[in-house]
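Please find the structures below.
In the two complexes that follow, chain A is the common piece, with chain B as its partner first and chain C second.
Coming up: the complex of A and B.
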């Protein structure tokens, strides 16, 4: 397969983050179809390695310059070579929510399963994930930015490309499900990291930008180390830094169950 | 000198006209850079604490002033919750979002609100309440059920009876409300059907009022002029002559407004009333002249001679009335309220111009007319006495002279009743009530406030003393806030209140599986924090920060009131303070008030109460002027009688009929200053002149009945009838103007024609004395005078306690001082003047 020839990208993984893509036209310059670009970008963002962990540090800055912080450990596990994945998110900060955690079962072609644990109420609740475009813990990242938007949900068109980027325009197949009318993604031609995404509203006005600020090579995987989401409507923005990123650490699938919400896997979530 | 002025005008009318034409063109040119300010908030200085705080609160909590669009469906059995209406609402919301100046992101509508609710078993869902219009009735009812179950929406976005829903349209600035409401109206057009649409909200009321005020000025002032013109034509039967007061009034208004605009003052709601004030004052000045001209022309059949004679006879009263009126309005600007200051100064300036116009403009105008024009003009003395009007005047005149005891007893009775009425007066205001009951904004206000928790917003902002402790995450603190909300709700004035406590309770309840036992604040601080972080996983996490700052040191409690009345707001504030006193907060905190309803209460209170004080102050200043002019405190007091009775009666009437003493009333009270004293001055000055001529009051009074009485009554008729059309205006302040003109004219003329002659008959010496420079040597005079001066000084001191001096106030104080000196020296003139004219 094409993906495998491009340096084993298929096996690589990243998590957190944006961009996906699908269907499309071929581009004469790159000799690559728009769907391929979309798929590769999705893989680089969400599927590198068998599993992985990182410590995310988010700083949310509102329009008035007031800041809030979030610190959380994020664990990811791929179910073989499928699109299926498991996520575990454990909050370290703010202090009074320490121990709050999520388990997400990401499915292909159907709604994700999501469980939430609130230690102060000793409560595990299923949270509906039918709409993944809600805020991630009050930040300007959406759930979909964290676990990835399936490339099958959009039509992808390669609108432009140069020596640095493939530029994809992605239009949702079901416009009723999302608040944007389309989004554009700049995918790095060298490593397929989606460096920037611009979201346009139903009036065709740009209202949201997600951009990568720093990419590091970790264990041979191009890895997003720092990114920013800006909401042009509210004037707020969130910068997320990913520390201690490691791949292929040998997580076991049973961590990603309800039981582990009450008894977090200390070894993996420590700061 | 005066002779020279008149002669100049008579000989060189064209020069006079040329000068006035140039000035008028210059004044009109100023209108090119007119600035219009319709924001009544500007009654307060920009740096007033409430305004600064309101701005800060709006910024900090991301709040905007908003217009409320109400959608009411009374026809469908499920009210607005049917697919057709909801689809309209959905599309409308989309349309409104795109209007320029609307903060689309903060728009509050069912169609863009996120809801937290139960999903499948054991599942909690954050879902848009209505992300698309429902297809079926069943879907519509689901939306209804969910909306009613969410404390953030209930009674705010949808009404209890589900017949109405509201869209809150936040706007960038208050002063675009009217424009935005017009855009909304045009969007509404294709959505007519079973639904009724209503637009209201304080910013809209204020802005629309400002805009419509100008429109009304454009209709009312010319309409009044036309009516006045025809009334005068009926009296004097001479078109060209009757045009004089009209032309003069227009000229004075243009010059005054031009000067004001040219000096960089914005035309504020308050100053847009200047033409309405100047118009009757100009007419008043000129009708006395026309009246005398009309009656004297037949004797000489020479227009120039007649006008010179008339102007000389009326010189003193006209000058005196102008000076007192000017002093009265100048002293209005002692108030520390910027628009009132500008208003006072420019009305005073206008009055001065009106006086100049009577001296130059009228003789110039008359001299340009041809003598043939006056062929059948005027009446002879005999004709005068014959008319029905004259017999009526002589009748009441003789009655007051003979039965002065009855008249005075009646006066005392009226004053007594008035005082009783004044004791019942209600001080209250509400900008929405400046619109007549049939006005769409007022209708919307009534309808929507009967359906919802209230369209009037006020905010109580709490500051924790310990900034670092995240006090507003403490369960005890949230329960305390919830307690206050419950308390206020019970008191009845607050229709709905929303705070962080409501969000916490709702999230807690839904997380705990919608178990009613958990509709409460969680027991620990981490539990509160975790509920709130769960809320932040919604589509609109920012909504949280409308109610608390991210550091949890400041909390905003949103109160919705069904009425914007100052009294209601004041009651809510008092109830809140009582709650704080009776229930100490679990953590140390301070609080402050914000929101348009609150700001309105502050400025209207200041305005209404301030104007009341100002009015009393102006009264004292005018009394001081009168005393100086008449050189007797007693005569001064007598001259103030008609005005006093007028004011007392008007206020008493308001009290008795239950009409509230609001801002328009407060402002228009000042009109009495400009109009009511004038009659008394004319009466006293003419009585004195005639007394000097005839030697006794009996004979003098007989002459009075015909000349001055006629002029005064004509004035009263012309102005009270001239302003009657204002009663049909959709703006209440214009009705109030109509009422005031009517009441002032009626009472001031009656007061002058009944009370003054009765007082003079009782004791002629009160006004018939030799004016003396040494009048202050008499002990009682001296004592009274000191009282008057002490009153004036005290007033100025009170008005300026804590207030800053500015150009307007300095100018006003200086002008009043200067006018006092002028008064005193002018009163000296009288002797030589009268000697000259009577010869």
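Coming up: the complex of A and C.
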């Protein structure tokens, strides 16, 4: 393990927003544009509530059936009504990264700021991480799956809709930045939760699926309790469960600074 | 054994201060067990063992107590953390040792303040394996024989006070007991010993004299820091001793000592050109030789560095650093030298590169770190590859290849210690 990245798995830890799926209570089947669907899906996926916490438990299974586990506490804080957010991740598992903490300042339109604290070295390291299409914590989720892909990066087309889903086809404006040629998303018409995403490669072949397995109502917000990412090329998959999700817990913005990176906020990171 | 006494003193303080009404949440015990071997690949081997320089087993245990219940320690969110390494060292005939790496109590007695008391690892500054304002002790033996990076940092017995008023954060550290860097002594690693006139192994018999343990020799370090948007600025102050024995106490008795040292520095780090950039500088004052004309005492110096790291995508990262060091009052130093003295250059330039690539869903990491000094004509290649076989088992292999033309420069003096190492670790 090198000084800068203690174990590969923490390398791309971003922020797991997906568990904070909130509900858009408006319910408009008709007369909705593709951009509106994309924006609402993004909003309910990543910005509901003022703040929140969750305990994420991931099980990564490779094609041979071998498993690895990740467990982390995740705190989120919205900066007012802007797209800016703060994230705090504290690792409980695996054992060799236990005690590491990670802070992300998510920005709109520029690279996020990320800091990683390695307790064994008492080192606060600034993490250079501009590639959001790389694995999150060694799982089959990508950084962008969990941090949210900005709706401004794609063109959205409403290709179909029925009484259950709006089906969006999203094409990147800058194809050179991503590994897919387009992805399709099934957005629940009732609450705008994106229930399934299919990614197609440059040859037009489906190679990756992200799907929601369970949605719970928590404090009035429909919340993803379980989801799965499958890599069809390698045969590997990751199932993530989000436990103890709570919203609007009154986090302070101070939590997302070097002070608490070095001294994890005990009451919020409990297993 | 005064180290053990200090640990006990901290533990006693915790118990006394907490009284009988304290309840602690005991966390589970974690840690790892590791086997490590390093084989020598240098030709000339003046050290104790000719074919290897590391063969050891290590058990690390760590845990913490979170104070809870209705008492002051609970209100202060107090945590007692401990971590210790039990080692069996086959290099020294199966010597066993216990090193407490952490045994400290941290608590927040006020909203704007944190305290950390006891044995702790201390780090600040912006360099990658390069240190200007991080004046805390390092273990360079561990670094060169291929132990985990964790062991480059030595713990200090210290009191750390952190203050968080709005405009500026302040860390203030008091280190009552001087802890020097761990350096080669010739038995495990050969190094340049001026008393032996070159690179020496077991023949070395120099004596290193540390400052006496008394109040006037307490060390003080401070960091004042804040963010400017996404950039982080810091100012550093230090009053204490050089962690390297660079000055002569008594030449005839082959005595070196750690001269008094003050450091004033600053750093800036933040997003730059699609990556992370950092700059750091420091003025190192040598108050025992402020004119620089004492040939036996290290001169004052100026140090500066600039670094850049970029994520190239596909789990590939690259970093570069440039480091510059200038010995001040060089004319006075040179004029004071005697004909038989070894002398040091005025300027030192050093560049480093780091490339890190992850494979197989980030379970395999390959890292290449290279130091090169065009002024000293020496360098040091560190290559390592690791594989997380499972969440518990990890194997790491690597090389340490210091090289150089001369014998006295930083990396060249280590050139007889080239090795290949393997470590296997089980974490729990």
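Operating definition for what follows: the second predicted complex is superposed on the first by the 242 of 271 C-alpha atoms of A that agree within 3 Å, B and C clash if a C-alpha of one lies under 4 Å from a C-alpha of the other, contacts with A are read in each partner's own complex, and residues count from 1 in each chain.
Simple rule for what comes next: a residue touches a chain if its C-beta (ideal position, glycine included) is under 8 Å from a C-beta of that chain, and two chains touch if they have at least 3 such contacts.
Model, not experiment: these values are computed from the prediction.
**Q** Which partner does A:160 reach: the first (chain B), the second (chain C), both, or neither?
**A** neither
**Q** A:152 in the overlay: touching chain B, chain C, both, or neither? Say first, second, both or neither.
**A** neither
**Q** I want to verify the contact counts: of chain B and chain C, which reaches more residues of chain A?
**A** Partner with more touched residues of chain A: C.
**Q** I'd like to know which partner A:93 touches here: chain B for first, chain C for second, both or neither.
**A** second
**Q** Should A:248 be classified as contacting the first partner (chain B), the second (chain C), both, or neither?
**A** neither
**Q** Counting only touches as set out at the top, which of chain B and chain C does A:263 meet: first, second, both, neither?
**A** A:263 sits against chain C, while chain B stays out of touch.
**Q** Could you look at A:111 and tell me whether it touches chain B, chain C, both or neither (first, second, both, neither)?
**A** In the superposed model, A:111 contacts chain C only, not chain B.
**Q** Looking at A:121, would you say it contacts chain B, chain C, both, or neither? Reply first, second, both or neither.
**A** both
**Q** Just to be sure I read the superposition right, which of the two partners does A:64 touch: chain B = first, chain C = second, or both, or neither?
**A** After superposition on chain A, A:64 lies in contact with chain B alone.
**Q** Name the contact category of A:211: first (chain B only), second (chain C only), both, or neither.
**A** Neither partner.
**Q** Considering only the contact definition stated at the top, list the common interface residues of chain A for chain B and chain C.
**A** Correct list for chain A: 62, 66, 68, 94, 96, 120-121, 123, 126-128, 130-131, 133-135, 137-138, 236.
**Q** Going by the contact rule at the top, pick out the chain A residues touching chain B in the complex.
**A** Per the stated touch rule, the residues are 62-64, 66-68, 91, 94, 96-97, 100, 116, 118-121, 123, 125-128, 130-131, 133-138, 143, 176, 202-203, 233-234, 236.
**Q** If you look only at chain C, which of its residues touch chain A in the complex?
**A** Touch residues, chain C against chain A: 30, 32, 66, 77, 79, 106, 108, 114, 120-124, 128-129, 148-150, 152-153, 162, 164, 169, 225, 227, 230, 232, 269-271, 274-276, 278, 309-315, 317, 319, 354, 356, 358, 361-365, 367, 369, 384, 386, 388, 390-392, 394, 396, 425, 427-428.
**Q** Could you pull out which chain A residues touch chain C in their complex?
**A** Touching chain C from chain A are residues 1-5, 7-9, 11-12, 60, 62, 66, 68-69, 93-96, 98, 105, 107, 110-111, 113, 120-124, 126-131, 133-135, 137-140, 236, 254, 257-259, 263, 266-267.
**Q** Give every residue of chain B touching chain A within the complex, in rising order.
**A** Per the touch definition, chain B meets chain A at residues 59-60, 62, 94, 98, 104-105, 114, 119-120, 122-128, 131-132, 470, 473, 511-512, 522, 524-527, 529-531, 533-534, 536-542, 544-545, 549-551.
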